[in-house]
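Across the two complexes that follow, subunit A remains constant while its partner is subunit B and subsequently subunit C.
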Partner chain A sequence: MTITETNLNLMAHLMRRAGFGADRDELEHRVANGYEATVDELLHPEQQIPVDYYEFLRYFPNWWKPGTMGGRGHAGWVWRMINTRAPLQEKLCLFYHQIFATGVSKVDHYDEIEDMIDMFRENGLGHYKTILMEVAKNPAMIYWLDNHENHATSINENWGRELLELFTMGIGNYTETDVQECSRAFTGWTLTHKLPRFHMGRWDWEFEYRPDDHDNGEKTFLGQTGNFNGEEIIDIILAQPATATFIARHLFSFFVEDEPQVPSWSVTPPNNPEAVDAIANVLFESDYHIGTTLKFILNADFFKESLFAKVKNPTEVVIGTLRLVGNTERPSPETMDWAIDITNMGQDLLNPPSVEGWHTGIEWINSGTLMKRTNFTAELMGDLTRPGVKNIMGRLKSVEASPDAIVTACLNLMGPLDVEDDIKKELIEHAETFGPFDWDNDSDNENAAAVASEIIQLIVALREYQFA
Partner chain B sequence: MTPSLTTSAAGRTYDYNRVVGGREQMNGIVSMAFGAKDEIYITQKALFFFDVSKLKIGPEPNDEEMIISFREKDPDFFEGTWPACLTVGPDHDIYVTDELRHVIYVFDQDGVLKRKFGSLGTGAGEFDRPSGIISTNNDSIYVCDTMNHRIQHVTTMGKSINEFGSQGSAEGQFQSPWGLDIDSDGNVFIADHKNHRIQKFDAEGNFIFTFGTYGSGMGELDHPTDVAVDPDGDIYVSDWANNRVQVFDSVGEYLLQIKGSAIELSKWQKRYVESNPDVVKARRRVESLEPEMKFALPTGVNYDKSRDRLFVVDSQRWRIQIFNKLKDYAEAQFNI
Partner chain C sequence: MTGGNDYLNTVVPHSDPLYRDYRPSVGVLDEDVLRLDDQVGFHPAMAPIQKMYQDGDVAIIHGVGYENSPRSHFRSMDIWHTCEPDTLGTEGWLARVIRDIDPHKENVITAVSMGPALFRALVGPGIPVATVENIDSYGMLTGLTPEEKLSRVLSRYRRMYSPAIGTGPVMDYLGQTGLDALEGADILSAAPANYSSSIEYADSSVAKKLKGIAQIHLAGLGSRIFYLDHSGFDTHADQVVTHARLWEEVSTAIRDFFDDLESHDAADNVVMFLFSEFGRRVHDNGGGTDHGAGGVCLAIGKGVKGGQYGEYPSTRPSDLDQGDLIPATDFRSVYSTLVEDWMGLDAVSVVGGNFEKPEFILK
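Here is the complex of A and B:
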């Protein structure tokens, strides 16, 4: 396919949403392959060489079953996101982690939450029922929502309530009685005891179903009556159109356009009800097959028209920048710093603030996190030794020497980004302090690269750059 | 299946001897080397510190003590290091590879730094994340130059003697080689980590044979980390991601596997557990203590020629499991 401004913009949009962005070489390669072919490739992570996680463990053995790790327990996942050739697979892990938010602050075992992320990686493009069943049996989730305290003789409603409120239907589509009956159906879904961790390291929790602690009585749930166990409850939930709409809104908010925060969804209609309905319809018809639904979304007009309608989350900022600048692939002490950078921008992965996950969209931004974003990105983009930055400089050398042309090219290579005229004017004025860009000899080359680097650092500080 | 305390095949028997280690003493242990008179040296990559330590492990149970933590002598020096593997030279100096600074450190037996050599690079005598290291009897050492995917043979002063290997999967090539050993004839055995195999070379680096392919079956390997050769020519491989040690004969034929046999706590582990009532209770309420017996990502194998013992660095369990190699073992009568 011919590389035009339109299809380059669209491919950049797709890779920001279904991945962590892409450099210009990759974008041009993907445009040549075609948009639909790229979507298909993203939807088939099994065709890519997987990340060899042992490469990370070889240098950071303590991350095999990480403890509290000074808040760095997610560093292995960060390294995986930097190196993956299947970026949509990792984006889906983020998507599910936002919905099934489970935190080390209570669980106290990063490895158990990592196991949940691994499960998302394995099953993320499959049926949502598989995800729900696996989450219901996941030790981290069981402990996080107290289902090990949910007994036949004394129910604990925490898991049952969140299953309905946050993971499937949303407030307003069920009653308090449904919550109790749902919880009764999940009695006996518990954990084995772990060996203690202190004398020779950590051990796994295992899911255990205890029939003797399960409430075998009749339950009436969402209008149906029977001796339901957990799986039957999930089947009844998935048969509700409200569930499809709720999951559709999550998908829309994560992949298409920022929605209001989840707790307000029961009283605030979607930004684009037609699109959410269309997604819900595909979900319902496909038996909640996420791969099928994502293929629909990524090829839909409402998706293609949603350029820069989302604020980048901190993980997207950090991983996107690292993948762009390059020389970040090896496990190193910097990997730990980058993990903390994501936290400092407001997204402490594997440790969300509550079961509701993070507040997203514009709430990612405040005066502190904006500074963190800008400083992080500007520092890396200003490192002229990074291969990705060198590539950008190489491309700038082929454009006209005028400051105007250089600024236009920088905006193009960093997005492509559209900015208002007065902002572009300011950037050009800064470039003009240097005069025409001359790349002819080493000294000129160095000076031109330094100024171009300054322009790029100014661009990443722009409001426009915070959007995906 | 319950791990066995005694593993036999083809006339060899490996009989569980004991376990040494603990949270404080071996947290993050990566590799070990034998010193003089029942001493061993270990490298550690713990969560917030890196270290090289000297310990005594006597022949009798509980006869073990921590002698020196090199880091405690000079904490600042160990900031920003990644000590990987180590070897003890004929001069009794300790040679330690540093994967972060790309150098070899040489310490005396008391942990005093004597010199260092190497730097980041691809030239002779330069390294990129060096790891496995083994000394010869003639003032030279072999080093796995891991991210240059080659083996370097250098003098104990760091002067290049020879190098062999390049990145790839053909015979004689490597993909991130990690541990290594030499036999009594000077042949060099390499754990070709990301090619999931062991390769044997002569002292000059000429390829002799290879064995192992990726997998979890008998004789297959998953990210092998280290290799050791005993005086009989038997070859031990720490089969990292399969959580086991495999034993091969001198031509690389599979003989047996050991999955760990630590039926008891070490002296230091026992002391910790018994002083923490909650830990005692937590160990009592689990269905089985059997998982504690098994290796978890073993990173090192070392053969003690003086007492015919196999030392396995059981990295994620912060300990070393020790096995006697017996040649005349007879099973107890069936109806005893």
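Here is the complex of A and C:
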């Protein structure tokens, strides 16, 4: 495939959505391979050399089961995202973590939530039923939503309600009685080795099914009656078209275009009902096979036409910048700082504010988080010692040393990013304030690089740069 | 109090014989209740609030909520934030208050949201809100050096964020947020430097946020509305321990906050309002309580007419709705009191209707 502006834009779009962005060398390489081939490659993480997590653990041995590691237990995952060669795999972990939002604020030990993320990594491209079954048996989720307190003699509705409201169907598609019947079916789904903590640490949690604490009575759930257990409940849920539509809307909102917040879905139709219906159909027909569905989405016209229709989430801001500037691959104290940077922008990974996950889209942005995004990105992009920044400067040297040409090239290399004419005019005017510059010799180079660097810092501070 | 604060264990109906029947596992023991009168008392972790109640500075508004509670955290919180129980509200009730207070946007820090989140109650088109997580590091592009470069870049930033016509609501929102952030940071930078206090705040996230609020309030920058939350009230399990910890944190933080303001002679013009998205199920589930309906609100401050407003909802089984207390007071009526009697604004346009007001503000 030849490298045209259209191809490059589209590939940059694909990599922003199905990954964490890509530098220009990678984009050109991928364009040469072709779009569909790239989608297929992203959908086959098993063909890539996996991240060697032991490298991270050699630097940070305490992150093997990070326990209550204050606020930084997600650093290992952050390091994986920086280094992965299978970015869609990690992106999907983020997708599922947003839906099955489980937090250390209550679970208390990061290890157990990490196990859930590992499960997403392993099963993310498979059937949604597998994810649901694994989540239902995941000790962190059981504890987070109190299913260990859901007993045959006295139900606890927390898991039963959120399974229906947030993980599968959405409000308006079931009754309060369905919530209770669903909860009854999951009685006895509990965990072991919960407490007490032993003086040498804590036993790992494990799923345990206790038949003696399971309510074996007849249940009537979504119009069907029988002696249902949890798996049958999940089968009944997945047979509802409402479930396919709900999951489709989640996929659309995460990969294609920001939707309103989940709580409003029961009263607000999708932005693009045809696309959501089309995704729902593929889900339903494929037994909720996420890989098949993603292949459909990423090759669909509605996806290819959705450039910059999403506000970057904080993880995308941080990981995208780190992968772009480079020299960020080795585990270091900076890795820890970067993990905290994501938190400070409003996305405390492994510790979402509630089971609803984060409010996304434009709600990522407020005056405080906008500052943090801008400050973080501008600082790294302004570091001329970073290989990725050097690489950008190297490419700029082949461009004519005029304000207009430099601004055009910077916008291209930072996206390609399309901005309004008056914004471009401002950037050109800014470059002009430096007087003449060129790339002719070393001292000129330094001067020109300072101009280009400041232009890039202004670009990453732009409104337009907040979109993916 | 995010998560659904348990009304029955916050303001305990200790003389109600049914309370013991409903709460075999998580009931507050009779001898532990901090009695307010012969009917109700506070949770034992609320001693600082009990003292303020005895001083006449706490109003308890009983049985607050709205009809047909969806028992969903998120939908409920949306309804509380927007005053729109039936449709999707896009504008927060406090955003309308901010617009009424400052229609010409003369002060970008009229409202401060203690971040990282910007609460939906404050969100509305064109409404500036400073979202501050840590007031000490609040500033745009602070890493740029030297000073000359910083001011050059910031002045360009200002030009590029200025309103561009016809680019859509999202870009407008971003543009305004960027400009408000720049201006707000300039104003707020003075606050921590001018603050000193003899009060040592308790070590909790809610105390830190309240301390930040005190700093901004004491700086006299014209901020009128501060918003913060404390989460974890979703006590389906382990309620006895969790609920006590949460109220310990909230109560001591509130005490420290008002002590701080009083020591600066600046407490008279502050009313604090506490709510939660819903109360919890009347019957406990063995270790905690599930989602319910009617809840309780508190208003605290020197401007508050202390006491109790409304009736405690009946706990008789036949009076419960699917096991939950039926709220008798619409949350919008409580908002109306705050908007009209405290802020001196018209409540009808803010809450979307006429609601009878509980009169808990001193006239």
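Definition applied: the second predicted complex is superposed on the first by the 457 of 468 C-alpha atoms of A that agree within 3 Å, B and C clash if a C-alpha of one lies under 4 Å from a C-alpha of the other, contacts with A are read in each partner's own complex, and residues count from 1 in each chain.
Here is the rule we use: a contact is a pair of C-beta atoms (placed from the backbone, for glycine too) under 8 Å apart; a residue touches a chain by one contact, two chains touch by 3 or more.
Everything numeric here is computed off the predicted structure, so don't read it as measured data.
Participant: On the A-aligned overlay, A:M69 touches which partner chain: subunit B = first, subunit C = second, or both, or neither?
Facilitator: The first partner, subunit B, only.
Participant: Have a look and say if subunit B or subunit C is in touch with more residues of subunit A.
Facilitator: C
Participant: First (subunit B), second (subunit C), both or neither: which does A:P211 touch?
Facilitator: Neither partner.
Participant: Mind working out whether A:I171 is in touch with subunit B, subunit C, both or neither, as first, second, both or neither?
Facilitator: second
Participant: Regarding the shared-chain residue A:G382, is it in contact with subunit B (first), subunit C (second), both, or neither?
Facilitator: In the superposition, A:G382 contacts subunit C only.
Participant: With both complexes overlaid on chain A, does A:G223 touch subunit B (first), subunit C (second), both or neither?
Facilitator: Neither partner.
Participant: Taking the contacts subunit A makes with subunit B in one complex and with subunit C in the other, which residues are shared?
Facilitator: The overlap between the subunit B and subunit C interfaces on subunit A is empty, containing no residue.
Participant: Touching subunit B in the complex: which residues of subunit A?
Facilitator: That would be residues 52, 54-55, 57-62, 64-65, 67, 69-70, 192-196, 198-201, 203, 330, 332-333 of subunit A.
Participant: Which residues of subunit A touch subunit C once you look at their complex with the stated criterion?
Facilitator: Against subunit C, the touching part of subunit A is residues 105-106, 145-146, 148-149, 151, 153-158, 161, 165, 171, 176, 260-264, 266-268, 311, 344-346, 353-356, 359, 362-363, 365-371, 374-375, 378-379, 382, 420, 422-423, 426-427, 430, 433, 454, 457-458, 461-463, 466.
Participant: Within the complex, which stretch of subunit B touches subunit A?
Facilitator: Where subunit B meets subunit A, its residues are 21-23, 28, 30, 45-48, 80, 82, 99-100, 147, 176, 178, 193-194, 223, 240-241, 265, 269, 272-273, 276, 278-279, 282-283, 285-287, 289, 291-292, 296-297, 299, 315-319.
Participant: In the complex, go through subunit C and note every residue touching subunit A.
Facilitator: Listed in rising order, the residues of subunit C that touch subunit A are 2-3, 70-75, 77-78, 86-88, 113, 115-118, 128-133, 138-144, 149, 152-153, 156-157, 159-161, 164, 167, 170-171, 173-175, 177-178, 180-181, 184-185, 231-232, 234, 236-237, 285-288, 290-291, 322.
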